[in-house]
Each structure stands twice: as C-alpha cells, then as structure tokens.
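Going by the order they are written in, the chains are A, B, C and D; count residues from 1 in each one.
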Amino acid sequence: MPVGTYDAYVERLKKMKPNIYLHGKKVDRTGDFMKGGLFVIKETYDCANDPKYKDVCTATSHLTGDKINRFGNINMSKDDLLKKQLMTKLLCHRVGGCIQRCMGIDALNALAIVTYDCDQANGTKYHERFNKFLKYFQENDLVGNCAQTDVKGVRGLRPGEQPDPDQYLRIVEVKEDGIIVRGAKVCNSIAPYADEIVALPSRLMGPDEAAYAVAFSLPGDWDGIKIMALPGGHPRRKKLTAPIANVGDVESMTIFDDVFVPNDRIFMNGLEHPDVVQYAGYLALMFAHFHRHSYTGCKTAVSEVLASQAALVADVNGITKYPHVREKLSHIIGTAELVYAAGEASAYKAVKFPNGSYVPDEILTNAGRRLAGQEIYNEYAILADLAGGISASLPTEESYYDPETADLVAKYTKRNPKYTAEEAHRIFRMMENKLCDPFSGAEMVAGVHGGGSPIMETITMMSRYDLEPLKDIAKYLAGINKDIPRYERPTATPRAMLDKFKKTAKK
Amino acid sequence: MPVGTYDAYVERLKKMKPNIYLHGKKVDRTGDFMKGGLFVIKETYDCANDPKYKDVCTATSHLTGDKINRFGNINMSKDDLLKKQLMTKLLCHRVGGCIQRCMGIDALNALAIVTYDCDQANGTKYHERFNKFLKYFQENDLVGNCAQTDVKGVRGLRPGEQPDPDQYLRIVEVKEDGIIVRGAKVCNSIAPYADEIVALPSRLMGPDEAAYAVAFSLPGDWDGIKIMALPGGHPRRKKLTAPIANVGDVESMTIFDDVFVPNDRIFMNGLEHPDVVQYAGYLALMFAHFHRHSYTGCKTAVSEVLASQAALVADVNGITKYPHVREKLSHIIGTAELVYAAGEASAYKAVKFPNGSYVPDEILTNAGRRLAGQEIYNEYAILADLAGGISASLPTEESYYDPETADLVAKYTKRNPKYTAEEAHRIFRMMENKLCDPFSGAEMVAGVHGGGSPIMETITMMSRYDLEPLKDIAKYLAGINKDIPRYERPTATPRAMLDKFKKTAKK
Amino acid sequence: MPVGTYDAYVERLKKMKPNIYLHGKKVDRTGDFMKGGLFVIKETYDCANDPKYKDVCTATSHLTGDKINRFGNINMSKDDLLKKQLMTKLLCHRVGGCIQRCMGIDALNALAIVTYDCDQANGTKYHERFNKFLKYFQENDLVGNCAQTDVKGVRGLRPGEQPDPDQYLRIVEVKEDGIIVRGAKVCNSIAPYADEIVALPSRLMGPDEAAYAVAFSLPGDWDGIKIMALPGGHPRRKKLTAPIANVGDVESMTIFDDVFVPNDRIFMNGLEHPDVVQYAGYLALMFAHFHRHSYTGCKTAVSEVLASQAALVADVNGITKYPHVREKLSHIIGTAELVYAAGEASAYKAVKFPNGSYVPDEILTNAGRRLAGQEIYNEYAILADLAGGISASLPTEESYYDPETADLVAKYTKRNPKYTAEEAHRIFRMMENKLCDPFSGAEMVAGVHGGGSPIMETITMMSRYDLEPLKDIAKYLAGINKDIPRYERPTATPRAMLDKFKKTAKK
Amino acid sequence: MPVGTYDAYVERLKKMKPNIYLHGKKVDRTGDFMKGGLFVIKETYDCANDPKYKDVCTATSHLTGDKINRFGNINMSKDDLLKKQLMTKLLCHRVGGCIQRCMGIDALNALAIVTYDCDQANGTKYHERFNKFLKYFQENDLVGNCAQTDVKGVRGLRPGEQPDPDQYLRIVEVKEDGIIVRGAKVCNSIAPYADEIVALPSRLMGPDEAAYAVAFSLPGDWDGIKIMALPGGHPRRKKLTAPIANVGDVESMTIFDDVFVPNDRIFMNGLEHPDVVQYAGYLALMFAHFHRHSYTGCKTAVSEVLASQAALVADVNGITKYPHVREKLSHIIGTAELVYAAGEASAYKAVKFPNGSYVPDEILTNAGRRLAGQEIYNEYAILADLAGGISASLPTEESYYDPETADLVAKYTKRNPKYTAEEAHRIFRMMENKLCDPFSGAEMVAGVHGGGSPIMETITMMSRYDLEPLKDIAKYLAGINKDIPRYERPTATPRAMLDKFKKTAKK
C-alpha cells in the first residue's frame, strides 16, 4: 500500500540502530525528545489518508501508476507543482508552521532531473539507479531528509581551498563497491526521524573539486552516520494542552564519519567522469529551486498562521476595529497572498525537462521566497505589537490552577467579554509560545535562512535575469535603438547555470 | 473593419467640436498640445495591426464574433484576462509608461457585469442598451475615457451631505427622453482625445443619494461637456529626438455643465428604481477592480522600464558590477515580478459572472496593486541613486550642438567607453526626462493614486477578507477549537460588497 | 553610606516575607529563579562603587548633598539627564540588554515633578511626603519597581466603563490612616526583587474616575501584594559559562488584593480633591516620558550589543568584508547613533520645571524611542542573517564535551582560523541564546512595548506637535500669508497635556 | 561693512564678464534665467540684516573680530556649528528648500583646517594664503560655489587610470606665477551667480596622481572658466504669484578649459611637495563632512516644509483627522527631528582642530545625512498620497481667470469650507509645483545625492567606525574576554582617514 501510515513509520523508527547523540548520550529513536517532530510528521501520513485532504496529499507515481503520498512524488505536470504548493500550505496550517517533510521530496525532484541530464551528456547511469531507489521510497512511503548545507569552514574560501578539506562533504576513498565519504551537514531539521538521509552538494564545484561532487542516499542509522541532535519545541504544558504546544522538531548536525556508500545508492560521483563535476552546482541549485518553490507554500501558511493569531489576539484585546490594527493584519495577509501568487504563477510558467519533470520559473520563485524571508521578522513584530507586553510576562501555567491564585489571575487575564478567561489564557499562552520561546526563535531564523537567505535569492535572480534584452527597452526609449523587440522574459531555470558553466569551462 | 486604425481615429478627432479649454482659450483637437497623447494612443492601434503583437492586442467579440481591438473587449475567459494583462504590459514598454487607453475598457467591463446583475434583480433594461452601445464602440474601435473620480468637496462628508451638492456628479433633472447631469470629474487622463466619455459613480451611494447613482456614456464633444485640459509631457527636444521625449498626455477636469444624456446612453439611473442605487457602489468598485487588475500589467511595465533604464544608466556609469547596484536592480525587478504574478494568479482564480464575464480575484489583485503603489517612489529613488546627480544638472541640449561647447560637453559627458558620447548624452537626457520633469512627477503621483491609492487597496482587501475562517486556524492551534477546517480562501469579488449592502439595507 | 552595596541589597531581600507565586507555590526571595535578575542588579551596585564607572553611576542628592547611586537621583540639570542616559547605556552593555533598574528611578522623577505641581495648584501636600520617602530611598539605595501598566480589560473602554471595575488599579475604600486599593499591574519586570513597588496610573482619568487617580509606594512584600512570577533567562549551561548565560529577570503580574496603603506612602489620591484627578494622566505621561528617555540610552546599548555580536559572528564566519555585511552592520549602528542622539539632543533642550527638575524634549524623545521600537525585530533579523542557520541547529552543549563526539563537533564548528573551536562554539552558543531563546524573544517584545509601543509614540508626538505654526511655512510659500514667522519648535513636555486637560475641563 | 547687501551683490554680478553658456548662447548674469537663484540668495543677505534672524545669520570673524555674514564664517566653537545648522534650517524654511549658499562656506571651512594641517606637516604656506583670501571673502560678503564633483569618466577607474586623463580636474602645467588646470566639475548649483568658484579634489589621490591634488578659488568669470548653465525652477505664473513659484536655481557643469590659477589663489598643489597629495582625500572628505553637517540643517527644513505642505493639503482635503494621515505626517516630522538631532549631537561632540576650528562628529553626522537621503523620495510619496491625484491634473492657471471657466473651476476646486476657492487653488498649485515639476524632481535627486548619497555615508561611517572595541562587548558576553572596557565611541573626524593614509603610505 504505497500511501503509508504513521504507525508503520513509527515501527520503522523503533527498529533503527541508535546513532543519535543527545545531551552527551547515544540514544535510539523512541525517546520523548522525538514527540514534537513526530506530531508534525504524523499529519503528513494522516492527511494523505483523510478524505478532507487526500486529493492534494496524494499523487500518482509516474513510475508505477500507483496512488502515493505526494511527499514521494516527482512533479510531472504543472498541476503537480500547484498541488504540492497547496499541500504544503494546508499541512503547515495544521501544525502552525513548518511541515518538515518537504526537504526530502525536493531533493528527490532535483535528483530526478539532474541524474537524467547528466546521464544524457556523459553516459553515466545515475538515473536508472535513482529510479530504482525512488520506487522503493514511494512504495514504503518513506520520510527523507536532505543533507545539503555543509558546515563550510571559512566562508570566503572554496571547498578545495579550506585549511580543513572536510568542511564540505567529500569522497575520501573510492572502492570497487562504493565510496567512503567524510564531512558534516547542518540544518538537517528531521534527520533524527528520517528513514533516509539524501546528501547533495551545497554549491558549484570546480574541476579540482571532483571529490566534492557527490550525491547519495542512505538510511538514517547507517554505519558511521552520527546525528548530533538538538530537540526543539515549546515548553511542555501540564494542563492547558493545545496543538501548538505539541509541535516540535529535532535539528541535527549530521556527521559522516568516514561512511561507506554502496554503489547503488550513489547518484553523483565527480571522480567517475571529469564532466560530472559540472553537475554538482546544477544539482545544488535545482534542489534549492524546488525547495524555494515549496517555501511559497509553507511561508504563505506561516504568514497566514501569524495573521490568524494576530487577528485572534487583537480580538481578545478588543482592538480589531482600529485602523492601524487592520492595516497591520492586511500587511501580513498581503505578503501571504503575494508569496503564494509567486509560487502559483511560477508553476503556470513551468517548463518540461528532458526527464519529464516540470520546473517552475526560477526568477519568480526566488522573488517570492525573498519577500517571505525579508518579511518574517517584521511579521513577528506585528504579532508582538498586537499581542502586547503580556506575551512576555504572563504568569506561569500553574498560577492558573493553584487555588490560591487561580481566580485572581483569571480575573486579570480576561479582556474582551466574547472570550472566556480560559480562552484568553489559551490565546496569551499561545502568544508566549509564539513570541518568547526557543522554537519560535528558531522559526524566525528558519524563515530567513531556510531554502536560502534573501541575499541568496537576490544573487540567484540576478544570475538568471538577462539584463541585455531588458536594457533594449531603455535603448529604444532613449533613441539609441530604432525599435524594441517584444519583451517577455522567458521562463528561467537552473539549467541556464549549467549551460553557462559549460560554456565558461570550454574556454 | 472592427480593428481600427490610427488614421481613422485622428479623422474622428478632427471632426469634433471645440470644447477643450486650454490656457484660457477654447480649442479643438488638432493642436500641438495633443501630440504626446496621440503618440501613445497610436501604439494601441498600430500594435493591433502588427503581426508582432496582434495575438495579444486583438480579441474576438462575444457580441459579433468579429476580431476586434482588445481595448474594446469584454473579458469572457481567464485567457482574456491574462491577455489583457499582457497587452497592457507590452504596450507600456513601448511608451515607457501608461498606455492610457485601459480606463475605457475597464469601465465597459464593469458596466457589462453590473448592468446585467442590476437588470436581473430589478427588471431594468440597462444591459441590452449597454450591449448596443458596446457593439457600436467595438465596430468603430473607439477610444473611451472613464470619468469616475468626482471632485469630492469635503472628504469626510458623503455626497448628500456636501455644502455644494454638485461635488459628486448627479442628476439634476429627469426628462422624458433623458436626464440632465451636473458635476465634475477629475484625473481624466485622456478625455481630450477620447471618442467617448464613460461616466461612472465613484463610491457607494445611500438611499437618499439616488440622484448620484448614475452612469452613462457620451461623445467627448457633447454639448455642455467642458474639458479643462492640462497637457503633460517632456520638454520638446530640437535635435536629440527620442521616443521618450514624444510621450505625453492631456489630463482633464471634465465639467458636466448641465448636460443632457439621452435615454439610450444611460446605463444606471438611481431615480428610475429605488433598488438601483445599491448598484452604484458595486459599479464603482467593479471598475476599480478591473482597473487595478490592469495596473498589474502596466505597473509591471513601469517597473521594468525603470529597471531597464536603471540597468542602462548603471552601465554607462560603469557601476553594474557593484553588489549594491545589482541588489537595487533586483529590488525593482522583484517588485515587477510579484505585481505581475499577482495579476496572473488573480486571473487564474477568476470566477464567471452571470453575464458571462470573468472577474479576477479581488484580494490578490489589490495586494498586487498596493505593492506597486507602495514601491513607485522608491523605484524612482533607486533610479536617481544609480543615475547620479548629473540627471539634475545636465547642460542644456543646445550645449551639445553649439560649436563653441559641443566638444567640451561631449568630452565631459562620456563615461563607459562602450557608449559613445552621443549615447551617453541620450541616456542622461532620458534620466533628466525621467527624474526632473513635470511628466515624470505626474507618473509618480499616478503610480500612487491611479486606480486607487495603497490605503484604498488596504481597505478593499480588508473589506473582502473574511477573518473568521482565518481565525479558526489560531483557535485550533490554541486548543479552543477541536479541529481546523481545510482553509482555502475562496475567490473574492466586488459582488460580496453588493450582497453585504443588500443585507444591511434590509435591516 | 548612601551608595549601597549588592550585599546589603541581598540581605534585605532575604528578610522579605514570601509573597511570590511561582509555578503554583508561594516562595521567598532566596531561590535559584532569582539568579538571573540578581546578576543584572548586581552591576548597578558594583559599578556605582567602581572607579571605572562611578563618575556616571553616582550623583549628588539635591535633598541631602550626599553622593548617591544615580538610580536614586532626581534629574536637577541637563547634565543629570545626559549622565543618566550614558549610565543606562554603559550598564546595558555589561549585561547585554536591559539593566532593569530604571523603571523605579523614572517613576520617582515623575513623582518629584507632579507632586509639586499638584500641590501648587491644589494645596495638597504630596511633595513633602514624597521627598521624605525619596530621602529614605536614596539613603538605603533601594531598588524600585514601577507598577504602571494596568491589565486594562477591554481596550476600547475607559476604566470607569469596564464590566469589571478592577481592570485598572483603584481605591476601593478610604480610611482615616490610608486607603485600600485593588487591581493588578503587569509587565513588572523586577517586582520580585525590588525593595519598593511604586504604583502609578497608566492613563488619563476623567472626573468620574477619581478613584483611579492613585499613586503610592509600598515595600515589595507588603500585605496583600501578590506577585505572580515568571522567571526569564537563557537555559543554564554546565561547562561553557558566560555572562550572557547568567542574565535573566523575573517578570511579574503584581496583584493588589485589597491592599492597605498608609497615608505617608500615598502620592496621589483623586478622592482627596476633585482637581487632583487631572494629574493622573499628567503623571502617567511624565513617567512614560522619563522612561522613553531612558530608552534612548538602553536601546542604544541593545543595538550596539547586537551590532557587536553581529560583527563578531560575521568575523567567525569570515564574511566581514562583503559589502552587504558592512551595510547591515552599518544599519544597526546608524540606528544606535540616531536613537542616542535623540536622547542627547532632548536633554540639551530640557526645560526646568517648578520643582527644579529638568525635563527633556518630549517630541524628540518619542521620535528616538519610536525608531528604536520600529527597528528592534529588524535588528534581530540582521543578526540572524549574519549568524546563519547554525544558530538554530547547534549541537547541544554536552556534544562538545562528550569524548565520543567532542572532536568531531569541534572540527565542524570551527570557521575563521582566527578563532579557536571553543571560541567559535562560544560565539554560536551566544547566537543560540540571542536568537532561539525565551529570553531573547522577551527582549524583542520588550523592545517593541517597553515604555510604550511605536503607535503610542506617534500619538504622543502628534498630541504635542502644534501643526498650526508649522503650516504657516506652507501658507507663506503658497502666497496665502504675507510672511513667515521664524519657525523654531519650542521644547515640548507633558505639561502641555495637563494644560490642555485643564482648558477642556473648564468648558 | 562686512555684512553685505543683496544690492551690492547684484551690482557685482552685473560687472562680471559673460561666460555662461545657455541654450547655445554665451550670456552675462543679468538675464531672467537668473531670477530664481537670485530670489534664494537674496534671503541670505536680507536675513543677515533682519533683526528677526541676524543673531543666527551673522557671526564674528576670527580673523578680524568684525560682525560678518555667517556664510563667510569659520566654525571656531560648538556654538558656531549649532548656529550654522540653525541658520541653514531657518533660511531653507523661507525658500521651501535648498538655500544654495552653504557649499561655499563648507568649502572654506574645509580649507581652513586642511591648509593648516598640511602646512604643519609639510612646511607649505597654504594657510596664510588662504586666510588672506578668506579676509577678502568675508569683507566683501561674497557668494562662493564649491566645484567638487568631477565628471569622473569610468567610475571603476581611478583618476590616473582613465582613458581621458581630464575626467578629474588636474594641473596640466606649472608656471612660475601659477598653474594651468583642466577638467570639469558638475552639480555646481550656483556657479552662474557665485562671486567665487572654490575648486576642491573629489577624492583620495595616490602618489602617482599628484597633479590631481589641487585646490584653489577663482572669480566666477575668470578666463577659461566656461559655465554650462541649466536654469531650474517652477513654471512662471501670471496671476497667482507665490514665493514657491519664484524659487529656482541655475545648475552648472563648470568647465576649466586650461585655466590659469595665480599662486595666491592656490590652496593645494600636489606637485609642490610629494606629501601634499595625501591631503587631497583629507580635503575632499573634510568638505563632504561639513557639507553633510549642513544637510542636517537643510534636510530638516526640507522635511519640515514637506510636513507643512502635507498638513496644509490634508486640511484642505478635510482628512486631517484620519489616523493614517496623522501617522504619515508624524513619520516626516520624526525624520526631521532625528536628522536635526544628529546634527546637533554631532556639534556637541565636536573636537577642536589645530587651527582652532571645531569639527562635528563624523559618524553621527553621516548617520543623520543618510537617513535624510533614504527618506526623501518616501516623503514626497507621502505628500503625493495626502494631496491626491488632483496634483497631477489641476486645470491650467488661466482656467481660473478665463471668464468662461473661472467660476466652474473655482466651484470644483473648493474643498474644506475653511479655505476659500482661491486658497484651495493656491495650495493645489503649490502641490503641482512640488510634485509635478522639473524643480521638484531635481530637489528629490539632490535629496539623494547632495553631499553624497546614502551608500557614501554608509562607506564613510564604516571607514571611521572601529569595530574592534565594539566587538569587545560581544567577546565579554560570550565569555571569551574576562571583562569589558567601558565602551564610549570617541568622536570621529576625517583626520582618522589622513592618519590611516599616512600609515599605509609608510609601509
């Protein structure tokens, strides 16, 4: 049954070997620290089996024709892209933020394209290998983590120039049946509870960096993979339970401590063929691109959740009618609408790639993701503004249940009579969770950096945007050129970067 | 031949009676002051006849099945909306800004819907009358001006509360064969060279404001219509001609000095039936909505033109490589992309109305138009930044041709050797036109107010956005509600405003 | 010895009766939860005794001529204001943020002025009483908390209109020897470890709200005062100790559960004389004003600390040289400079009040505080941007000491070779504290709301700014008026609000 | 009589030789094109003789002890700096913008310092020479123009690397009695009506660019100086005269077509002594610094004028009471307050230089000037927003006087009954002048670039800001350093740049 269940997933986790390092101990995947992350992943299984959501949360495998969880699907049409974006948004509503599982599928979509293109050009055999893996992934409805971000050492230096060559994941040895890799990947939000760790390069690699042009997938508990875990979540509550308080994750620095990767799990190996190295940057960018497109779904939801919470807390405070309040809500809503529209319009402009995949427009996707990243802290600022200082000085939960104080704190927490004291308490407690909490801090950081920070989107946009035909408009208006060609920017994709790389390399 | 020509248009103008008041004189439509505006309108005829553009600049009339100029077309499909947006953008590229002719067609689209809805509810006969007029309009490929913005007197007071009741256009007398109207409309950018003046209400009217619920169309030189003209344009050049210098318009305050409107030209008359008055605000908002959707096309072009000019002047200055320059260009480009995406995604979400028209999503359209309005001055600021102070202190054109100074000013105007001295001169002269010029000032003002200023878009967005289902997300997360309904905002249109109005009126 | 010591302060705390409600228990002031707050307060004693800081951290009492801690000083000169601002900034540098003790002294400064003015106008005797209290406060170098922010119930309703009349602190009974008060104050950041709780009105009160016009000071453990405590702080560390990790506070909702205030501690009682009620708003605003002026010191430090951390983490990451990094640092620094300049220039413009106090300019102070409030989230966004995603996914502290992982995580945490692995760890751990932490979340909220949110500053500015003389400039330029008076805005203070109130009341 | 008169100034202009190139003709200084500029300069003479302003508009010469016009004064105290800032603001109020005459005095102040420092280090004799010139300048109350901005050719190349070596002003020949210079300076706003053209380097020069290290002053009509004039101003009005319509300027590209400079007018000559070249950048920056400090006065006035006009037009429109209107006014006012405070606080921190001059703080001055530059277009956007679209479509002036239309346009221009129709007309005409006008366009460009664009201020700030002591705060908080030194940033001045240059040069 290719649409899997949460229970089956949990069973798999239980069987995995302990390779998670938490607070100085090596632990398995059954501890309480996993609860927050599992609460989130559960939604991705349940909704795919729920009539209310299954139309968007499932898809049809292009490999088998089976109905599968959309988190295992390769986008073979514009509709797939639109549905993926919608699914991401709807699921994020349910957990009040990141749905966490998109990294894996974005990595698989990037591999589907790049392995094919690489094989076509270089005669390698990655795509077939990848499809075999993908079939297994889909049939078992696996959870994938994408290990992309290298620790990077000194930022100004290229991988091959680092004092410590392991600051980017690399092949340290080639064997008959596989390779040995070494390095570490950070910002791996779900590595501790992923079935598979999909490793991709994080940047363009030069001809002398062939050992860094490497991609593969391995089970999360594979020998030599050491997961440095950082559980994230809201402080647990005792009596006032609520979905928001159950949400969490386990971040990870995933260390590849001389790990053997068998051949059938290798999807790129720069040492195999000199031209493969060119595909490292292409793959890195293609993943980033799909992931940024996913952001146009999740970040819309993040904004809508914030707008929803802001509207609710404004109502409890009794200030909804004030023009400045409506203007602030409208600002968050406007951002959500524009970011989502960017993702949708990117999907409508998507182009078909040789392997059959559809790739959304890269410039517009980046423009949307950038706006989201630029606005995230401001949206929290608006929430803080409308919530008021109480968010940072609410009496502790116990005060609301201690007989000596319960009535008093209830009396002084109540605001708009439309809401009971408990409802007011619930809402302000949610404000505390949202504004004064390690997890919400991490959400803000992720809002800036997840998928690439605004400066990266600017760089990507400008790398892809061809200013010459644009300048023709001005040249015509100034009277330098006699006429103006009809100017419609063609759809942009990371393919252009590969072509440019090849052209440069030739010279 | 329903796709008309510029020559036929000019012939019509020549025949019109003089009712244009310019610098204290009553003049006809043949003077030099018209040149700038005609230069722009010419493009709308020429491109509809040009193989390079005719696919977007023509459409098929739903009334006759004829191929017509798209500026006379009612949007009967999502594709119509997308093409209208694209046409607007492409034509605006050609004139470096506003294409001017959209007001008329946006007014006709609003009338097509509202007359139908009004007739259905109230048994009036406006739609048939309108269709007859529309057929005539399409067959002759007429240029329409929309006279919507009333002078408004004291802003805080409603039309019926004004000390002078004529501050909003109103019916002062009802006759057997028509009505007499009085009032004045401003910001009528092309009234002096429009075939038809289409007059619409500018706001919601109350039951005691029935005389203000009036819509009609009249030829531009109709008796009693007095056009107070304000020619706009860049200072004429003598030798260094260029398209940008040829662009202009003639703004107008259009005074209806007790004007008779014959029955067959009346499309709304609040005195005819008490319920018709409800349709005044609906019509006002429907026009604004179509016009804001047009803005997602034209304002994208305005941004792209500015980006084009900024990229060109940066290149002449030799500063393109600096990161801050690329970041600034990217900011303008990003705005263009997002605004256009908002219009596109609004069109994809469009809903079919009873008369067969398609209406794009109102919240997203407004979010896009708002971003454009909020960014316009900032985009000019970026252009000024990259152009440098020379934009405001370039020697006069004659200095470049006076033998005593020509070589010197050429020597000191040259920058990047890629560009000749004349090219540099052309580009900086364009900067002067764009930055230090009455017309560019007017373009900035229009960028804020055209179609409604950002505050109006915020108000419209929030009037239409239903916060209750949005708040359900937060209520679920806080634990107040047990579950969360699948949250997808339905397409919003001005129809909701009519329904609300009717509901309120009933009470 | 009027410059007290930390030890004496701690001795006093030990003797106080338990009236702190923490996690459902009533506790005294000796628990570990107090450590973070005490770490901060300690600096205010130590620096007053430290040759490096004593010139700014001490002052001369205008009552006794003694050298006192500046946190007990009434500002009797412009130099006092400048030194208070500087002291605030310097001490905030030392604790990486809020120094917490300013609320008390700002309250005393407001009382010094308002009690005098009230007595002069109404023949009351508050000032003498206040001075007696102040002398005691100075001599013992006490820590004061200002309890101003009422819980406020329904925001749109005035105190007298609330369904529950206790939503603003009020007098419920007048006795021979004092009054009984009821209500609750929130956002009382140091109430749990303050010697004295100074209670002030939070807004203007109307003639029918005389019972709400009340101000007084009581010891923190006084009968009937119930302190609902919320300890704030960074997660404790085991091995990697650092000042930033030691900082904390204990927020409080301070409930006055029918508390008796003896006459000699009452500094305003609206029931005593009908005109006293007018002074409630004046006092509220005067406190806000001094507190916002203090913000020009502390918020400058907050920005400088953030800039310092951003510069340091950028250096560890090896990205200092990139223009966008320097631009971002420069943005934070510019804000710090402008906010501090606003406070300084306000002090230079200060006016002497009848009691001898100096009051800084209110419009400029508010403009400075507003900028700070508008920028706070953005400054954290910049820090997050430069720090990178690692801030939200750093392995736990124990991973750096567990022999199985220590070398690996050290290897992969190191960046710029200028910094050892431990230093890099220290810096990223500080980033985690600063960005993903309940305390930093609370700091952001406080940055918006502390002393009044930006919207309050806008309202205050515009209440005080006289637009009429400003408009005279435009009237002259337009040719409406013949000449323009020399336009220099006079210093603005909350006194204008009192005068306006009195004028309005008369009518 | 060292406080001169406007009449004496005009007499001098009349006597000057024609060397102004206007619209292809060489003209003298008596034409109508000068009216706008003279209208502005007149205020600088009249106010120095007007009891209402003379306290700020005059000063005491440190050379002669005479009372002089402050536009000839060297700032020898903090009070001088404060008064100069205030004078600038007050005079700008009177002309609705730039007072134009500050460039000259800012250049003289820079020369006073740099000639002294250069002489002390290198044994040159510039300071005495300069003082002699200054005495003459003061005694005759001359108007000075500063010719600083070179045309710069290719921006990325240094002066010595340009394909055309004349793109920066340079010495082409050294003679016994003087030098011959060649080049062109732009953005010389008042060169056509200045008594003296003071030429300064525009940037740091390297050892191989000694011929570019040149400074001098010459009468405006000196042989070989060719002034390419660009008259700026609002369109002249016929009947509705108003101060705003009288304001104008004449911009200039000032060409030095092999001009002989006699020795007594040379204040820097890099060919005279190898070390003098180091002082070129120091002089360039010192002028920029004084000029940016002047901007804290004039830009405050520009904002206040805009706020004044915005408040007035909002009142005519009857929208003053709306919160968004007050918020927008408050934003402009807040910027004015902060920019002025930056200038004031810079003055209070000023340091005394060896020659006796006082130099304000450079970091804070730049922070203030930068904010002004960043906000200028936004302030116009606010004005456009509050004025409404009528600013861009007001009937022509003649329509208000033509008997056939006068009553009608008056009727439809009237708004708030507080204002007569003529007053409303005056105000909207002023809006047209301010928003849709070549001169206002130029004002916006000048608001960005005058004194250096925001990016230049960022660069200056960061060149001067020492990040190392700032980072010590973070190092202490992170536990890397044991303690934190008391952190107060010392006053920064361009002197640091000279010292750095010398240090670098030594190596």
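Assume a contact is a pair of C-beta atoms (placed from the backbone, for glycine too) under 8 Å apart; a residue touches a chain by one contact, two chains touch by 3 or more.
Note that the structure is a prediction, hence the values are computed from the model and not measured.
J.: Apart from chain B, which chains are still tied to one another through touching, counting links that pass through other chains?
T.: one piece
J.: Pick out the pair in B-D, A-B or B-C whose interface repeats that of C-D, meaning over half of the contact pairs match by residue number.
T.: Matching more than half of the contact pairs of C-D: A-B.
J.: Given that chain A and chain C are copies of one sequence and touch, is their interface built from the same residue numbers on both sides (over half shared) or different ones?
T.: same
J.: Just grab the chain with the largest centre-to-centre distance to chain B, centres being mean Cα coordinates.
T.: That would be chain C.
J.: Per the centroid of Cα atoms for each chain, what is the distance between chain A and chain C, given in Å?
T.: 39
J.: Rounded to the nearest whole Å, what is the centre-to-centre distance of chain A and chain D, using the mean of the C-alpha atoms as each centre?
T.: About 50 Å separates the centre of chain A from that of chain D.
J.: At which residue positions does chain A touch at least two other chains?
T.: Residues 324, 327.
J.: Is the way these chains touch best called a line, a ring, a star, complete, or other?
T.: complete
J.: Quick one: which bits of chain B touch chain C in the complex? Just the residue numbers, please.
T.: Spelled out, the residues of chain B in touch with chain C are 322-324, 327.
J.: For chain A, which residues count as touching chain B in their complex?
T.: Of all residues in chain A, those touching chain B are 52-53, 86, 90, 93-94, 96, 240-245, 304-305, 307-309, 311-312, 315, 320, 326-327, 329-330, 333-334, 337-338, 340-342, 344-346, 348, 363-364, 367-368, 370-371, 423, 426-427, 429-430, 458, 461-462, 465, 467, 470-480, 484, 486-488.
J.: Under the stated contact criterion, what part of chain D meets chain B in this complex?
T.: Answer in residue numbers: 21-26, 149, 151-157, 163-164, 166-167, 184, 186-189, 226, 228-230, 232, 235, 251-253, 255, 257, 317-319, 321, 324, 376-378, 380-381, 384-385, 387-396, 398-399, 401-402, 404-405, 408-409, 411-417, 435-442, 444-446, 448-450, 453-455.
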